[in-house]
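Each chain carries a letter (A, B, C, D, E and F) given by its place in the written order, and its residues are counted from 1.
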Amino acid sequence: METSMSILIGVLFTIGTYLILTKSLLRIILGTSIISHGVNLLILTMGGLKKGGPPLLGESSTTFTDSLPQALILTAIVINFAVTALFLVLSYRTYKTLGTDDMDQLRGIEDE
Amino acid sequence: MNNLVILPIIIPLIAGLIMILIRKKILVQRIIGIFTIIVMGMVSISLMNQIKENGIQSLQAGGWEAPFGISIVADMFSAILLLTTSIVALFCFIYSFSTIGREREAHYFYPLFLFLITGVNGSFLTGDLFNLFVCFEVMLISSYVLISLGGTKLQLRESIKYILINVISSSLFLLAIAYLYAITGTLNLAHLSLRVAEVGQDGLLTTVSLLFLIVFGMKAALFLFFWLPGSYSAPPTAVAAIFAALLTKVGIYAIFRLFTLVFYHEPQITHLLIGILGAITMLLGAIGAVAYWDIKKILTYNVIVGVGFIIIGLASFTSMGMMGSIYYLIHDIIIKALIFLLGGTIIHITGTSKLKDMSGLIRNHPYLGWMFFIAALSLSGIPPLSGLLGKIFITRGTFEAELYWLGAIGLMTSLMVLYSIMKIFMNGFWGETYLSKEMEKGSMTKSMTLAIGCLTAMTIALGLGAEGIQVYVQHATDSMMNPHEYLEAVLGKNPIR
Amino acid sequence: MSWLYLMIFIPFIFAIFVPFIYKLFGTRIHTGWFVFFAPLAVFLYLLKYIPMISKGESVHSKLAWMPSLGINFTTNIDGLALIFGLLITGVGALVVLYSIYYMSKEREALHNFYVYMLLFMGAMLGLVLSDNILVLYVFWELTSISSFLLIAYWYQRKGSRNGAQKSMLITIFGGLAMLAGLIMLSMMTDTYSIREILSKVDLITSHSLFIPAMILILLGAFTKSAQFPFSIWLPDAMEAPTPISAYLHSATMVKAGIYLVARFTSVFGGSAEWFWIVSSIGLITLIYGSINAVNQKDLKGLLAYSTISQLGLIMSLLGVGSASIYFGYGDESSVYAFAVLAAMFHLINHSTFKGSLFMVVGIIDHETGTRDIRRLGGLISLMPISFTITVIGSFSMAGLPPFNGFLSKEMFFTSMITVIESPVFGMESIGLLFPIIAWVASIFTFIYCMILVFKTFLGKHRPEKLDKVAHEAPIGMLIPPMILAFLVIVIFFFPNVVSEYFLQPALIAVLPGFAAAGGIDVEISAWHGWNTELFMTIGVIVLGAFMYYYLRKWSRIYSYYPQVLTLNNFYNQLLAGMEKLSSKLTKQYMTGFVRDYLVYIFTFMIALLGCSLWLSKGFSFNATNDAPINLFEGGAIVAMLIAALTVVFSKSRITAIIAVGALGYLVSLFFVIFRAPDLALTQLVVETVTAALFLLCFYHLPELRKEKSKVPFKVVNLLISLGVGVIVTLIALSVNNHRLFESISYFYEDSYTLAGAKNIVNAILVDFRGLDTMLEILVLSIAGLGVYTLIKLQLAGREKK
Amino acid sequence: MFTHFLMGCLFFLILSILAALYRVIKGPSMSDRVMALDNIGINLLAGVAILSILLHTHAFLDIILLLGILSFVGTIAFARYIERGVVIEHKHSE
Amino acid sequence: MSISTQSEILVGLLIFIGTAFSFLSAIGIIRLPDVYTRAHAASKSTSLGVLFILFGTFLYFVITDGYISIRLILGIFFVFLTSPVVAHLLNRAAYRSKVELAEVSIKDDLKEYLKEKDA
Amino acid sequence: MKPNDVILHSVTKVAVVIILTFSIYLFYGGHHNPGGGFIGGLSVASGLVLLYLAFDIETVRNNIPVDFKIVAAVGVLIAVLTGVSSLFIGKPFLNQAFGYFDLPIFGKTELATAVLFDVGVALAVIGTAVTIILSISEDG
């Protein structure tokens, strides 16, 4: 499971990176989203998979999966959500103000 | 256990939140802000003294013992940075009064400013890797908002790049944390140090440490600085100044912390690499600074040079070099804020950032001119201003580590820095005056003069009165070169394995 | 307890008050009168040390600056420092006096002028008096900076600015090199004190850094003293007001390098490298300066090149003199030590005659409005006093009796002949060049001295070419050069007084080996009989006069020298080239396309991590500990892959967004599979809200276009993204097989007893790691504020109005 | 036996999700996509229900309702968007 | 036959029915010609399927643990409540955004109604 | 023809009640079951958003006159302040005086602050989520 998850995460990273390297702003944001999914899964995988029941006491299981990565991911998800929201709105604002979502045209003239 | 340690994080946070509640009362916000930053400074001074007396101060948040809860740790290095941060923040804050504009003020500029400081202080204080990530994010998201606050075209365009790069680096940061957690099973820096020391830093750990280096390198503008020149030229002056002064320094701090506390076992790989990256950073930064005839560009590339120079002190991994780095770090924070404020003021007055469009400003603005001159000299480490000691000790450190080329590049770039910065002085302030006072786009106000003047005085005082902080810097160096002190302060005498 | 260090501060303290004085008295009383007292006071104070120093003693005092770092403001005055100190303050006082008449109190910004000047004076004093090498460096750079300000005093002029920049860049470059050298010295000896360094010479000579440190320190000295090829800054520095030129180039700035070489002779001297570098550079500079001086049309330019040449002379003397250390103390060494004595002597002499000459040139400039030799002539009748001073100065410079230059020139020849007579360091064959170069250079020196005197004062007076009606200068302006000219003659007649009180102590300071003997036993006199030196001098005069007479005929040779090959051109090209190259390079990689930056970053990451993983053999793979995988999970993985690929290939934005949403939902499915209910909940909600946000925003964003990019572009993207994926996977696999410790999470399983919570994750979030959560919601709130301000505050639209 | 049976059901649910995913990608109209998405949400909800039987835990029961809520809100938002081009109206046009 | 086996059969049956409905509707989603017909499949039969499955789950927990999950009841109720509304809104949106009916359609009442109203 | 939203409006009213009930449940259950402040807050927010969707901003604002930015700030403030107070309780020297004997009471205190902390989290989440969605919708 860990192996296949690792490979899956690799693929997610590949796709995310590929999207980030394209020109369309929307694709780029989607790329960051995919990468962050990959990261979250990776944190979970790195905590070890299926080592026990859900980290809830009072349920039937006596062993639990690693709870710390879960807490970390939870924080990461929220932060990532905040950043994505801001990023999205920013790109929306940019498009409305500058009239483009093409990163090439957002280059800016370095000499000016 | 010392609750003082958490205050630098809590105070600006609470103040910022209160400011949100009283959105319309801008004057009150200003007063709260100044008061907050001053209190923060006082807390850091008392922290410094406590550390000097009793060693590293730490606090286990929530009272949970060390590797399990989050440790807030203030060693001398962090405390010094905290103090410097509050000083710089204070003056940038004051500078912003008359330059930032009503609209930005009404749109949460001041709270965001304080949140940025919260993040910075948090990053300096935290003793937990994941909490470091969170603090970084607090800082970053405030910086995202600050950089785009106002929504001018330039700001929007550059902030997109800025956010994108930082989002990626944050993802990589998490990646690195995940790897490290899988290997060591812990997040507490001290505990990490303990565990890494126990098994030795093998190849995989070194690889992970390099991933950390990349992540922090992106934040610190160490080699991976490409995003920086654009981003720092976009926001208003006060924001650009605080960015230039603090944001990259947080990355540098993280590199220092990680590579002196955790990954210090393979210096011939990691620290040499850091040195090479530092050298390239300095060179490219200096080349960039020389290349342009635009104030903003020149200044931002100088930020990059500073980063490289600080880092090579770490690369030397000698106590001399480390001491130099700390000196230079303090100097760099202050001087970068100062020089950005000065540059911003020039642009404010002339309405342009192109050197070829301005001339002879010194006739109407002698004080500005001379303060710029002093700042320029200080920036390039000309004695007896604040850059001197850092320069000497870092160079000596690299020599002691027999990295002569590194020291040589450092010195050479400081000449290029001087050339680039003097270009501004000679073209902007000297020459024929053809811009009369009436034709100027903006004027200098009291708050601007106060902020710039105080920072200038600071750089002079730091140069002449380095003895005053020597005890602290020495202390910081010693505890950085000797991680056991940190471990003991966080984990206690008999740490859990 | 001596208050010596206070003397250094007097100019600085004065400098602080100058602006106020200027403001107070402004145009009524010339500010110079107040400033005048600063150098005078120090000069008089320093005179007090003469008796003590002439006995070979030295005085030092200490002011703590950074005691814990060993950087203290230690002053040390010995013979060498005293000469310099007196020159700096003495000539300084005269220059201030001169400037009172030269600088108009109505038109000039005198406060700036005198502040710079006092800064410079203080820096020079500090430089020669400090015992701590870092403090020495501080003052060294301070002289560079203050001279930069002085040279650019008329900052409106482009020439001034360029000259200032040039001098600053070159001298600070040297300063940095010197700093590196000094740091090496301090590493070798573990001290910053010069006196302690001198006492640990044997530590240095055996050290591997000996040669680098030496070369670096010499670089500092050569740039400051305008030695070839760093001499180019000096002629351009003539853009400064003449009092400044007189001060900088006769007695102070350029002598700093000489001081440095003299100071460190006893450290590095005695080695062949030092001998060769110092003396040969000195000689090259000597001849280079003198040949170029002949070709100058500007009187100040001529003096500038003559300064270069004379400095080369002194430098070569010091170089030759350093051989003395090689021999230890003895007869052979005293022969060479004589050269050091000559150097010190010429140093003093040069200050006197060059100072007076500069001042006279300033007078000519001031009274006629030009310094161009071609426009001047026949001033003898109009300015007789100036003429007399010029004759004294020039003839002294040319090495004619009865002026002090003659004596030191003779000694210079003697030293050069010594090189042939008792050869060292492989001088046997090549040593003959030394006297020959010296002799040839002296001929040119003679020629330009004649040009200075005769072209200016004799010949036909052509008032129509002058901007002003020429007349003699006011007496106040003439007094300072007269005093110096007077000294020129006095020294000729009483050289041994100078020798006893100044030169011998200085010699001891340079060559401590002679301290016991109290110097060397030398009697300086004008007449030594018909020896080689005298014949050389006669040869110089005869041939020089001849060549001066036919100057017009042969000076055309100069015009054949290609402009491209001049050092100045080289410097300009270097600067322009550097800027151009930097600009090109920077624009090459700083394209402004964020994609390019990302490509660099990812490439770097792939390369670094890949190499590290490969070289350190960090990669390992072992799937035996893996958790089992079942069909359902496999299906979920496949679904995820499909969803992710859809994002890449979709042509419509909504498909892409939905696919990412699906991906998010699948992730939460994985969270369910991996027993993370809290995560699954959160992920679900967040994913939905994110999708909603995408929807809200993308209504305005344009439809996805087909990426119109070239194939290589796509290939690069693909390769990089594959690389990133592979690296991430490889490290993940290795890490998975490399779990070295048990996680700290076991602690949290007691959460019910510890925190009263049955949901461990929640307990971690709100309790064990509450700080994270607190900051996390802060992040969230800031993002909320950010979104709000982004939407509400739009200054962009208003820019247009 | 029961477990295997549930696994089989889950497999079919996955197939249903894939089918809906096909519709999401294929379109052709926006409504199709949204409808399919809603369908995916509902199917996921069912999947979670089965899974909680499989794992014999109450822990995921919240997810079911949450999924229902989100799918509802999300789909409404989509519908609004398709219909009016804005998601939330500032002032009702009536 | 123990109580658990009985319950398993009961629950299994419910879930089987639910899954079957869901799967059938999935086929419908793929096969049916236009958005309006597909909406039938998507809303009606899927809702039914989900309700069966949820009910099965509910019963399972009631029988095995004696645990009456309020959340599940709420969930069932919620799905029951909202799913028709969703379908309605989506279809209306589709119609208003002028999605064509499939060619096999023979009658468009709303069009006629609207025409009437406009006229 | 104006679309009428009678069906939606009536269903929404019921649904929002369900959602809010569920949210409160999620929030309270957080300490022992999956859920907690974040999820609770988000589901409240989704309920609010549903209201905005079904009705319109003006109507909702008239009925719920709250500035959600302030809600967010107050939420964070609550979380921070509980953090600050619990820090003071968690101080060793305070602990040594009472905590040794009153461990159960100390435990209770912890519990209370944790819930309060969670309230802060929930408020912050609600405030932020609604602020973001409203800001965007109000534009354009």
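Methods note: a residue touches a chain if its C-beta (ideal position, glycine included) is under 8 Å from a C-beta of that chain, and two chains touch if they have at least 3 such contacts.
Note that the structure is predicted; figures quoted are calculated from it, not measured.
In this assembly, the chain whose C-alpha centre lies farthest from chain B is E. More C-beta pairs in contact connect the chains of C-F than those of the other pair, out of D-F and C-F.
When chain centres are defined as mean Cα coordinates, E lies farthest from chain C. Chain-level centrality, scored on Cα centres against the all-protein Cα centre, points to B.
Distance between chain D and chain E, defined via averaged C-alpha coordinates, is recorded as 11 Å.
We define each chain's centre as the mean of its Cα atoms; on that basis chain A and chain D are separated by 22 Å.
Each chain gets a centre from the mean of its Cα atoms; for chain A and chain B, those two points are 28 Å apart. Chain centres here are Cα means. That of chain C falls 71 Å from that of chain D. Residues of chain D in contact with two or more other chains: 17, 30, 56-60, 62-63, 65-66, 69-73, 76-78, 80, 83, 86-87.
Touching of two or more other chains is recorded for residues 71, 74, 78, 82, 85, 89, 92, 96 of chain E. Shared interface positions of chain F, defined as residues touching 2 or more other chains, are 3, 8, 15, 18, 22, 26, 32-35, 38-39, 43, 46, 49, 69, 73, 76, 80, 83, 86, 128, 132-133, 135-138, 140. Residues of chain C that touch chain A in their complex: 587, 590-595, 598-599, 602, 621, 623, 625-629, 633-634, 637, 640-641, 644-645, 647-648, 653, 656-657, 660, 663-664, 667, 670-671, 673-679, 682-683, 686, 689-690, 693-694, 697-698, 700-702, 704-705, 707, 709, 717-718, 720-722, 724-726, 728-729, 732-733, 735-736, 739, 743-745, 748-749, 751-752, 758-761, 764-765, 768-769, 772-773, 776-777, 779-780, 782-784, 786-787, 790-791, 794, 796-797.
Considering their complex, residues 13, 20, 61-62, 64, 67-70, 72, 101, 103-104, 107-108, 111-112, 115, 118, 122, 130-131, 134-135, 137-138, 141-142, 144-145, 148-153, 156, 160-161, 164-165, 168, 172, 175, 179, 181-188, 191, 195, 199, 202-208, 210-211, 214, 218, 223-224, 226-227, 229-230, 269, 273, 284, 287-288, 290-292, 360, 362, 377, 382-384, 388-389, 391-392, 395-396, 399-400, 404, 407-408, 411-412, 414-415, 418-419, 422, 426, 429-432, 464, 466-467, 470-471, 474, 497 of chain B touch chain C.
Contact residues of chain D toward chain F in the complex are 58-60, 62-63, 65-66, 69-70, 72-73, 76-77, 80, 83, 86-94. Of all the residues in chain F, the ones that touch chain B in their complex are 69-70, 73-74, 76-77, 80-81, 83-84, 86-88, 90-92, 95. Put simply, chain A touches chain C in their complex at residues 1-27, 29-30, 33-34, 37-38, 40-42, 44-58, 64-68, 70-71, 73-75, 77-79, 81-86, 88-93, 95-97, 101, 103-104, 106-111.
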